[in-house]
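In order of appearance the chains are A, B, C and D, and numbering begins at 1 in each one.
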Amino acid sequence: MNKITILIHCKDRSKIIASVTNFIAQEGGNIVYIDQHVDREQDIFFMRLESEFISESFSTDNFKNSFKSDLAEKFQMKWRIYSSDKKPKMALFISKYDHCLYDLLGRYNSGELNLEIPFIISNHLDLKSIADNFKIPFYHVPVTKDTKEEAENKQLELLEKHKIDFIVLARYMQIVSGKLIDKYTNKIINIHHSFLPAFVGAKPYHSAYKRGVKIIGATSHYVTEELDAGPIIEQDVTRVTHAHAIEDLITKGRDLEKIVLANAVKLHANRKVMVFNNKTVIFS
Amino acid sequence: MNKITILIHCKDRSKIIASVTNFIAQEGGNIVYIDQHVDREQDIFFMRLESEFISESFSTDNFKNSFKSDLAEKFQMKWRIYSSDKKPKMALFISKYDHCLYDLLGRYNSGELNLEIPFIISNHLDLKSIADNFKIPFYHVPVTKDTKEEAENKQLELLEKHKIDFIVLARYMQIVSGKLIDKYTNKIINIHHSFLPAFVGAKPYHSAYKRGVKIIGATSHYVTEELDAGPIIEQDVTRVTHAHAIEDLITKGRDLEKIVLANAVKLHANRKVMVFNNKTVIFS
Amino acid sequence: MNKITILIHCKDRSKIIASVTNFIAQEGGNIVYIDQHVDREQDIFFMRLESEFISESFSTDNFKNSFKSDLAEKFQMKWRIYSSDKKPKMALFISKYDHCLYDLLGRYNSGELNLEIPFIISNHLDLKSIADNFKIPFYHVPVTKDTKEEAENKQLELLEKHKIDFIVLARYMQIVSGKLIDKYTNKIINIHHSFLPAFVGAKPYHSAYKRGVKIIGATSHYVTEELDAGPIIEQDVTRVTHAHAIEDLITKGRDLEKIVLANAVKLHANRKVMVFNNKTVIFS
Amino acid sequence: MNKITILIHCKDRSKIIASVTNFIAQEGGNIVYIDQHVDREQDIFFMRLESEFISESFSTDNFKNSFKSDLAEKFQMKWRIYSSDKKPKMALFISKYDHCLYDLLGRYNSGELNLEIPFIISNHLDLKSIADNFKIPFYHVPVTKDTKEEAENKQLELLEKHKIDFIVLARYMQIVSGKLIDKYTNKIINIHHSFLPAFVGAKPYHSAYKRGVKIIGATSHYVTEELDAGPIIEQDVTRVTHAHAIEDLITKGRDLEKIVLANAVKLHANRKVMVFNNKTVIFS
């Protein structure tokens, strides 16, 4: 049994849904999941389908070709089709904070994540032993003012060599370059330790403390050129009071960060996220 | 422009989605919303569609007939089709608590609710002035041991006369009879002041206080013969501490009750709820 | 039985708690509630006490005098003492939105609020009938560019005449002048329809929609000269998805606004809020 | 500088707070934290204090003796006094689930927990490698019908030898015996994977799925003889929909379990929990 996931978006028109479902039926597929959304402001149609094909002669490549010529061109669709038997490959970028790392590797180990982690990159050696314990290859790529370009080339080389599908910055404390962002557009997931768009940039817990907010948050988003301004995938919040010092916010925030990042990673790895005009459509 | 909402459930089979979308296309409709769910435990397929028909000759009755003969019988579907221009009629049953009443009538007044309220029934006179202020007809139907059947007949008469589609028990402090439940199956919405299935029955805040829970809740559900055991439509919770006395739980709970009930009413009135095997499927 | 509430803040020093509790014991009082907080960053001590006095000769004024000379001066305390038998007087400022108004008046009517509402001021006539229904005097004080100062004087006159203790802007769609703010510092409560400091200013739901946030919020704060930048009293949030249009955010937001504002009003009316350096300490 | 934490409860009487604060002042202490609660239903007074003593001659034992004779006996207090420089010792009991284990050990490693973990006991060998990675001694104590008593004696021996202060059952899949409960009353913390008192006993996620709840939860409580009926320390919940299969509830629930258990462990280790009449008072 072959199973594929189809993500489509295009200008909204009548009969799209019937055309797509019809096409899949003609190709011998059975739709097991369908969800759609229309952005009325921008008049854009979004759809996500999962379809099963029993025929042994089914080929994802052939299906893609027919889909393109028979359907996608007619509606001028942007589309992606994934075969369910191919797990996406995720690279982990880390620095010195270990909570998101432990959390993701714990989930990975227990089989909760539908992905592969070919390697971990860090600009520091502090967390190497954790990677070793989980038996994930660890590359130390230090980043200094002078070695920035060299480091980036090393990163790109590793990403390409391992055919990485997406990158997760698990509290990686470096600005990612435009070159990397261009190559992995909407494929680099960051966790920011505030409820965006509040408290962009460095030290958000300090800013939240100073402003006296009663709720703090964490936000996972795709990385774009503008700092902390990319499409938001997932957010969560927790209550705080005057009695919480900055260190308390940091401690409470860690629990938000790891859960929010893990949820964003799962949504992305399960091909449930579409991006349009700096916003996400999430078919969960 | 005619707009209809279709709700379907049947045993899961292949090609249902394509068959339905195809049928609608043939009838000249454009699908503007589709959502589906398969209950894998019970092998049941659920679907909700909204479709628009431009043709002036479109008739909902004709569509229903074709739908039944050409599609529903083949898949042995249970189905309901609603015309969007017909607002459902809701009867409000109340007793002495006013918070849910104020909340629902405030929303009704501001146009937030897609429904009509032909009348309010109460077994007490306490809240009559609120109904008067909002200019909703108010019927006082007292219920005592001796007048129970008479009261019920009076209620049924009013419900039928006004062609009521569904009933909302807004903290109505009486057990509804089996006769009413049979006639309005999955059409009587209750608000229970606990996080069901915890604290079934009377005085749930007292029980929650006694048990020392750290979170209290409210649950809106369809009324069935078994007390507080019907299909759950909506639930919400809020934190409490040891410092909250029973009266504090009651006060905090009121805010949950009114929001949860209003959300359940909106889901039902917008035909987003399906019931199967004492559980709800909610296409929101 | 006399009951008083004492709020204190001063530079942190040793022995403050023992000194205060000792003083109250000497005066014949029994402490029934005590809570304290030390802001370690700024080295400021905060305390809230409730104390009962059985003696018939007890006088709040005498107590205040002794408190001032025997205790407050020694520690250079800022302090406030309230008698529990005096309910604070709240003025309601409204414009055209009715949800917060209905919610507050519903609570007021049912005895949930420990306060009096001598009158409602509005710059429009739209909601007069609601005030009438609840039998609260309603003053129409229109505000235009030309009449701004005149309107303000009318407001001040009413506030003074009725000995108003604090003002609640229940979606009052006008900027309050510096004169009013100076006279009622930390006594004007506003509800802003966003999760501050995100989306300051006009049309926050539109901004939230545009940014694609996954959670929206509401914030109640004291009004200061800088727009939406005053001390935060209470905040709450709710989840949204890509499927929510701007109108959905507005509808969902209304439920947040009314609950958050009501909670802030209750905290203030029960003398549980202290303000220092643009932040609140809330002893709840 | 010596710092102690004092927990007190007794029948409510007047002048308790003044008496305690006075006593501490006389002993040369400075109160840096005070919180109190009166259970009006049962007329019980609870208090938690933190006090610092600068004098080099201060001895916690001497203080305890004075406290007992000069104060506790007069008010017939139940009391506990802890020296802040003594971290409590926690034994971890586990079986086969690793998520709570990873989470607690990750926090332990990063210094978030104010406690020591002298050893881990498991009735299975599956998670030994995790204990090894974190360098915590691991004891395999298998439990079968025939070896139940022997296993328990082995457990008690380890607990006593290491002077364990409290036990955490991190998804330990065995019923703990009455002997252990008696010896560690209100010192055995369990995590139950439901929102208690809903879904007591085995397979709560299956029961939640069957009931069709819209919110699932997790509860951390002290173990008592009656199953899942002990004093609740902490609870949390998360939303689910009809689209979540049982495995989804289990996955989502794991995130609740680990956060709720960690919070309960921190509250207990920081001596913030008091138990009375099967309920907790939590001074957080």
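The rule we apply is simple: a residue touches a chain if its C-beta (ideal position, glycine included) is under 8 Å from a C-beta of that chain, and two chains touch if they have at least 3 such contacts.
A quick map from chain label to UniProt name: A, B, C, D = Formyltetrahydrofolate deformylase.
Remember, it's a predicted structure, so these values are computed and weren't measured experimentally.
Chains that touch both chain B and chain C are the following: A, D. Greatest Cα centroid separation from chain D: this falls to B.
The interface formed by B-D recurs in A-C: of the pairs listed in B-C, A-C or C-D, only this one shares over half of its residue-numbered contact pairs with it. Averaged C-alpha coordinates give centres for chain A and chain D that are 37 Å from one another.
Rounded to whole angstrom units, the spacing between the C-alpha centres of chain A and chain C is 42. Among the residues of chain C, none is found touching two or more other chains. If you check the complex, the residues on chain B that touch chain A are 14-15, 17-18, 21-22, 24-25, 30-36, 38, 239. The touching residues of chain C, when paired with chain A in their complex, are 37, 39-41, 195-199, 211-215, 217, 231-237, 241-243, 245-246, 278-282. By the touch criterion stated above, chain B contacts chain C in their complex at residues 98-99, 102-103, 106, 109-110, 112, 133, 251, 254-255, 259, 262.
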